[in-house]
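All chains are identified by letter, namely A, B, C, D and E, in their written order; residue positions are counted from 1 within each chain.
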Amino acid sequence: MGGGKTIPILVVVAAIIGIWYAATVWLNTPWQLGVYEREGRDWTASDLIVDTMAQERPVLPSPHQVAVEIWQTTAEKKVTSKRSLVYHAWITLSATLAGFAMGTVLGVVLAVAIVHNRATDRSVMPWVIASQTIPILAIAPMIIVVLNAVGLSGLLPKALISTYLSFFPVVVGMVKGLRAPEAIQLDLMRTYSASTSQVFWKLRWPHSMPYLFASMKVAVAISLVGAIVGELPTGAVAGLGARLLAGSYYGQTVQIWSALIVAALLASVLVTLVGAAGGYVSRRMGVRP
Amino acid sequence: MTRLQAGLAAAVGLLGLLGLVLPLSAETGLLDTPFLTTFAVLCAASLFRFRNPLPVSVDGCLTLAAGLALPMSLTVIDRGSAGFWCLAAAGWLAAWLFVERLTASRRGGRWTALAVPVLFGVTLLVLWEVVTRGLNVPQVLLPPPSAIGARFAASIPILWADFQQTFLKAVLIGYALGCGSAFLVAIAIDRSPFLQRGLLPVGNLISALPIIGIAPIMVMWFGFDWPSKAAVVIVMTFFPMLVNTVAGLAEAGRMERDLMRTYAAGYWQTLVKLRLPAAAPFIFNALKINSTLALIGAIVAEFFGTPIVGMGFRISTEVGRMNVDMVWAEIAVAAVAGSAFFGAVALVERAVTFWHPSNRT
Amino acid sequence: MRSAGSRGADESAEEGVALNTASSRGQPVIRADHLDLTFQTGDGPVHALSDVSLTIGKGDFVSFIGPSGCGKTTLLRVIADLEQPTGGQISVNGVSPEQARLNRAYGYVFQAAGLYPWRTIARNVALPLEIMGYSKAERHERVARTLELVNLTGFENKFPWQLSGGMQQRASIARALAFDADILLMDEPFGALDEIVRDHLNEQLLQLWARTTKTIAFVTHSIPEAVYLSTRIVVMSPRPGRVTDVIESTLPRDRPLDIRETPEFLEIAHRVREGLRAGHSYEDA
Amino acid sequence: MRSAGSRGADESAEEGVALNTASSRGQPVIRADHLDLTFQTGDGPVHALSDVSLTIGKGDFVSFIGPSGCGKTTLLRVIADLEQPTGGQISVNGVSPEQARLNRAYGYVFQAAGLYPWRTIARNVALPLEIMGYSKAERHERVARTLELVNLTGFENKFPWQLSGGMQQRASIARALAFDADILLMDEPFGALDEIVRDHLNEQLLQLWARTTKTIAFVTHSIPEAVYLSTRIVVMSPRPGRVTDVIESTLPRDRPLDIRETPEFLEIAHRVREGLRAGHSYEDA
Amino acid sequence: ADEVTLQLKWVTQAQFAGYYVAEDKGFYDEENLDVTIKPGGPDIAPPQVIAGGGADVIIDWMPSALASREKGVPLVNIAQPFKSSGMMLTCRKDTGITKPADFKGKTLGVWFYGNEYPFLSWMSQLGIATDGSDGGVTVLKQGFNVDPLLQKQADCVSTMTYNEYWQIIDAGIPADELVVFKYQDQGVATLEDGLYVLESKLEDPVFVDKMVRFVRASMKGWKWAEANPDAAAEIVLENDASGAQTEKHQKRMMGEIAKLTAGSNGALSEEDYTRTVDTLLAGGSDPVISKKPEGAWTHAITDEALK
């Protein structure tokens, strides 16, 4: 991250938090008015502001409520505790990483096949697109059941859902990247009568690196979504998805939001890591800074 | 023939021979299934192709024979055994070989471009049918395509109503509002590098929020009907569009901009005549990504509270009712609608960015 | 490090300037005074222009010649207000380059064609006219006329990638000629053309310049081209980019192509080549 | 439509061929017989090559010159098996171009440098050596030698974008020279260089050619360059691309730079110019 | 030990205390069983899980189980620890609803995913349309929580006596501002939370023996839980991997659950079964089941287990 970005990000985050506070007051007011009415109590504007930011089941929890919840469930709990968000984030992360790794490999392999074989290109590509129009959450439960039926359970089914979601950006990006070398660069290889694998390793593969990392950034974020989705039909026993669901189930908005924020932070850490890896590779490769 | 094609032809032949030799199922013999037997003989004959590559039409016939013989014989064979599965594999490889040779022969052009993916899809469907029925997979786990088709035909009014609710209302409106507002915001923040540097990373973060988290909140804020689904779609489509548009607006080359400067062109003139056309490939990239995202978003959002109509509602309730064929009928609608939406955007893209190297032929 | 062989370039440049201002061919259109331009890059500063002083009068045809990387493009860009000098003074038409740009005082031909791929050739040429608010009829008429001039009639409705490299370069010249700016800044406009086309366009350009009272600043790598076209030739040397010699042409204004075989022409060409060679005495020649 | 002034080009080409085969300078290395090449495009067919017949003997240095779009690049690409002719015969080293390519018979310098941005200059030059399986020590030695030849010693570890355009072009020439192919196909290799550097590299190329027995096919837009370098100059004309003239050079093999001022040189240059002009008598010249 | 996998209908909570107690207190070990308890959730259809071989025995509501039976998953009830139904429709008083007839024109939140059958049967008995036509009710697919009622998006929502009802109370709406309609009181109660297995498995005496021991131990667990509600709630909390349940809520839930399991020794009451089937068959236009089921339950296991 360039130093030039820090201040703008902070300003934008501050603005979002400001808007968030305003929205908290606005959205929680109707309920608070009902409470005042039921209790028959007089209230002032400042009462309203303080009370809307401290409800137990707010429509929108205030940022500090979420921050306190996150603090309590991360720093103040042992990481092995089931009430620790670190523990749940770790469960989700392991499925995310497994799915991301499989999705990337699958995506690259498919892309290589598509680039080297016209029949694969023509027949598979449209169905790769169609596959992504299937709502995964709809078939996730069935996938899990079917995988259970063939004896797969635990991490793998969740990871497979991540795989399903994350291979798509990788295929699309890598097909583009592997085809990106210009005609002149391919012709050069032809004049050396280089073999297909030499063309691949010496030209297509290095040329596609920026595309690979760009799509891996998308893929890792989407993998996290997949892992969370996959947690729901596995009984939502643990993981950020389970926290989201349990929060939903009991109307614990503070818990939902803290799980959401942790998920988003996790996503951005993962994306940043992939980006850093990409930066490292391209620097090693001598790409213009 | 290429090495791959020769290999496929050999595999088809060997599997066909095996199909003739191995038992088809416990109580059924070869003679009970004339179609399948014919197919097996045809496959075995394929061994002779090494010498003499027959015309593509022969592969077409073989594929057609597989497509007819395999499903038809399922009425006779209720649970396939080794021989049957050999023939199923032979059918699949025959279809593959056909596709391989269709694409290799450069004639046909547009027609093969359409036929190949269709053929691939049909192959998948036939295999699905053969596997689910051949292995007696319970209907509640995975129904065969024929059952899904029957259910589809019988439920057209319901499917249409769901389609209207989810696609025509939530998806299209959400998509238009999400992409449209992101486009305007992108143009607005384009003039402020400060905002760009701050907003884009935060935007990426927000677009990484799982929809399962947002959907219940939107239901809480915007109610049960389609507006809350449209809101989910807006959230999902906003950031891909924003990020791509901003990146696209930066795409115009240095020299092209300098040219505009030498004309002392105004901001809006530069925007309309240079930067938007140059950004079009990026914008269309986002529009394509969003076309599938929007549909998934709307359907998933319906899992968290809806009136009793909508594709997501139907999927989630019918799973619970064990009507898995209805679920797949609904998924088929989603896949067709999503692919058509994607295809439509891609067509517009081709027309608008015809000048881009990737679209020149 | 400059080799011993290089001449006292700075003085000669100053001399040239003094001389030019004196021989008031027309009122000065471009006047640069001790221009400096340093690019700040990751590796440290790059001195692209150093102490460049120069006056170009109305109706002058000035060529810039010098080894690759000596700052020719940079100088043209400073005149066009596409780059800000880090030191010194410059005025164009008596006002700042920015004001001149806003007045649409010049047409610029870039080193590469830079046509917009989504516009046909005719619409590419019409682009500046649209921006400057010409009427439709006027646009039509001018596009036809300038395409005719560069011999591209018949290609109006082709897209850039359907043309050969040379044709693209001609289209970009047409684009700069379409609106009648008084100053033309041309950066190696004929680089990708073969000799015959180049000769033809050289003639056309000379004719256009003779007909009108345009002032032209022209960058080229070709010594004969520079000598054939210019009233003055500015020789530059790199690192830092400086003017090492300014050569006044003694050729008449009216120049048939075969003037290039006269001893006078060859004499000037020789002088330019010498100047150029002196600038080349650096290690990476 | 050809104007009345153009010569009976076809005959003269045939004549040239007859002459060349007769004057058996070496055994024929490249032999083209009535080559035709038509591109099918959306707008209809483009006749890039039409009835091109040509024999290039071992040790020849043949330049191709002709207006933009006349098919020079296409012809070189056909020889290199990068394009399939739609008619006629061609053999390279007595075998088909494909077989020659598989035998790694030639080195090709493209019109653009086309270096791989993720490889340093040294590794770019080493690329063909890696592919052809040279040992590490051998690679090292050859890279050093060819970089020396094009005057790029010291820039081994720079990346392409850290070099000026001219240096990049020299690196791409080094890449083609690194493995000792008997045939060199060079497509405007010196296009982006200024005159001084160009002269220097012309000399180097001539020396290389004189030292070895390489056969060189060389495309250029510059008449003096063609005359200075070649043993034979092939003049082409466009639409459809045909050979209109083949000019044998009468210059000695040993050519100092100042040979370019001799009357003999100018006479040949004149003839080339005339040939070129004849080919230009089409509407889009 | 013999392995048994139990698929719950919902997430880990006191609703399933009996099984967790049996596990925790070693009742399953005593029967030489190694029981794996798989929590459920909103996306888990237990019949689908058992059809896919993911469980030996499942917990399901009888309407859903009977409907699955018609769809080709031959479920058989082997035990019924829950005697009474905990389903209710809870309305805000200010909507003016006092009796079922007032539902007309109102918006009601209903759980779907196989949980809608009791509601649909009830409405069809009342003669109220649920398809959005005039004079009917507007049905919403209710999400996981009671927000629609709190946010006034629905006039009534579905609740369980032991769970969602208390969420409304916890949210701050006092009981006297609510009107509740218990399915039990309306005479449309259907059997909840029974144990079901696949019919074919019952032909295997080894499996039957395993189930006998399983039911015996589970009922022991249930009775222990009824007797020690607070301790049972603690055990449930320990088993909640999501770490989202609160002690207060689970203890109260256990108290309510005890009321529903009271009166059942585990054997299915034929009378309750008949009432359930009749209620379902009465559901007019949108039939849950089209004909009287055959062989949908057996006493073979409970008879043996309770000996």
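Everything below uses one rule, namely that a residue touches a chain if its C-beta (ideal position, glycine included) is under 8 Å from a C-beta of that chain, and two chains touch if they have at least 3 such contacts.
Here the structure is a predicted model, which is why all the values come from computation and not from measurement.
Undergrad: How short can a path of touching chains from chain B to chain E be, counted in steps?
TA: 1
Undergrad: Which number of steps is the smallest that gets you from chain A over to chain C via touching chains?
TA: Graph distance in the chain contact network comes out at 2.
Undergrad: Go ahead and align chain C to its copy chain D using Cα positions, then give the rotation in degrees, nearest 5.
TA: Value: 175 degrees, nearest 5.
Undergrad: Busiest chain-chain interface by contact pairs, anyone?
TA: Highest contact count belongs to chains A-B.
Undergrad: Using the average of all C-alpha atoms in each chain as its centre, how far is it in Å between chain B and chain D?
TA: 49
Undergrad: Return the distance between the CA-based centres of chain A and chain B, expressed in whole Å.
TA: 22
Undergrad: Can you check how far apart chain C and chain E are, centre to centre, with Cα atoms defining each centre and the answer in Å?
TA: Chain centroid spacing, chain C to chain E, equals 87 Å.
Undergrad: Taking the mean of the CA coordinates per chain, how far is chain D from chain E in Å?
TA: Taking the average C-alpha coordinate of chain D and of chain E, the gap between them is 85 Å.
Undergrad: For chain C, jot down the residues that touch at least 2 other chains.
TA: none
Undergrad: Which residues of chain B are in contact with two or more other chains?
TA: 141, 216, 220, 303-304, 316, 319, 324
Undergrad: Would you please write down the residue numbers of chain E that are in contact with two or more other chains?
TA: Each of 42-43, 45, 48, 51-52, 143-144, 147, 151 in chain E touches at least two other chains.
Undergrad: Of all possible chain pairs, which ones touch?
TA: A-B, A-D, A-E, B-C, B-E, C-D
Undergrad: Considering the complex alone, what residue numbers of chain D touch chain A?
TA: 77, 80-82, 101-104, 106-108, 110, 112, 114, 116-120, 127-128, 130-132, 159, 161
Undergrad: Which residues of chain A touch chain B once you look at their complex with the stated criterion?
TA: 4-5, 7-13, 16, 27, 59-60, 117-119, 121-127, 129-130, 132-139, 141-142, 145-146, 149, 221, 224-225, 228-229, 232, 241, 244-245, 248, 253, 256, 259-260, 263-265, 267-268, 271
Undergrad: Please give the residue numbers of chain D that touch chain C in the complex, ascending.
TA: My answer: residues 43, 65-69, 151, 164-167, 191-197, 200, 221-223, 273, 276-277, 280, 283-285.
Undergrad: Report the residues of chain B in contact with chain C in the complex, numbered from low to high.
TA: Result: residues 253, 255-256, 258-265, 269, 273-274, 277, 280, 353-357, 360 of chain B touch chain C.
Undergrad: Would you mind writing out the residues of chain B in touch with chain A in their complex?
TA: For this pair, the touching residues of chain B are 4, 96, 99-100, 102-104, 112-113, 116-117, 119-121, 124, 141-142, 194-199, 201-202, 204-214, 216-217, 220-221, 292, 295-296, 299-300, 303-304, 312, 315-316, 319, 324, 327, 330-331, 334-335, 337-339, 341-342.
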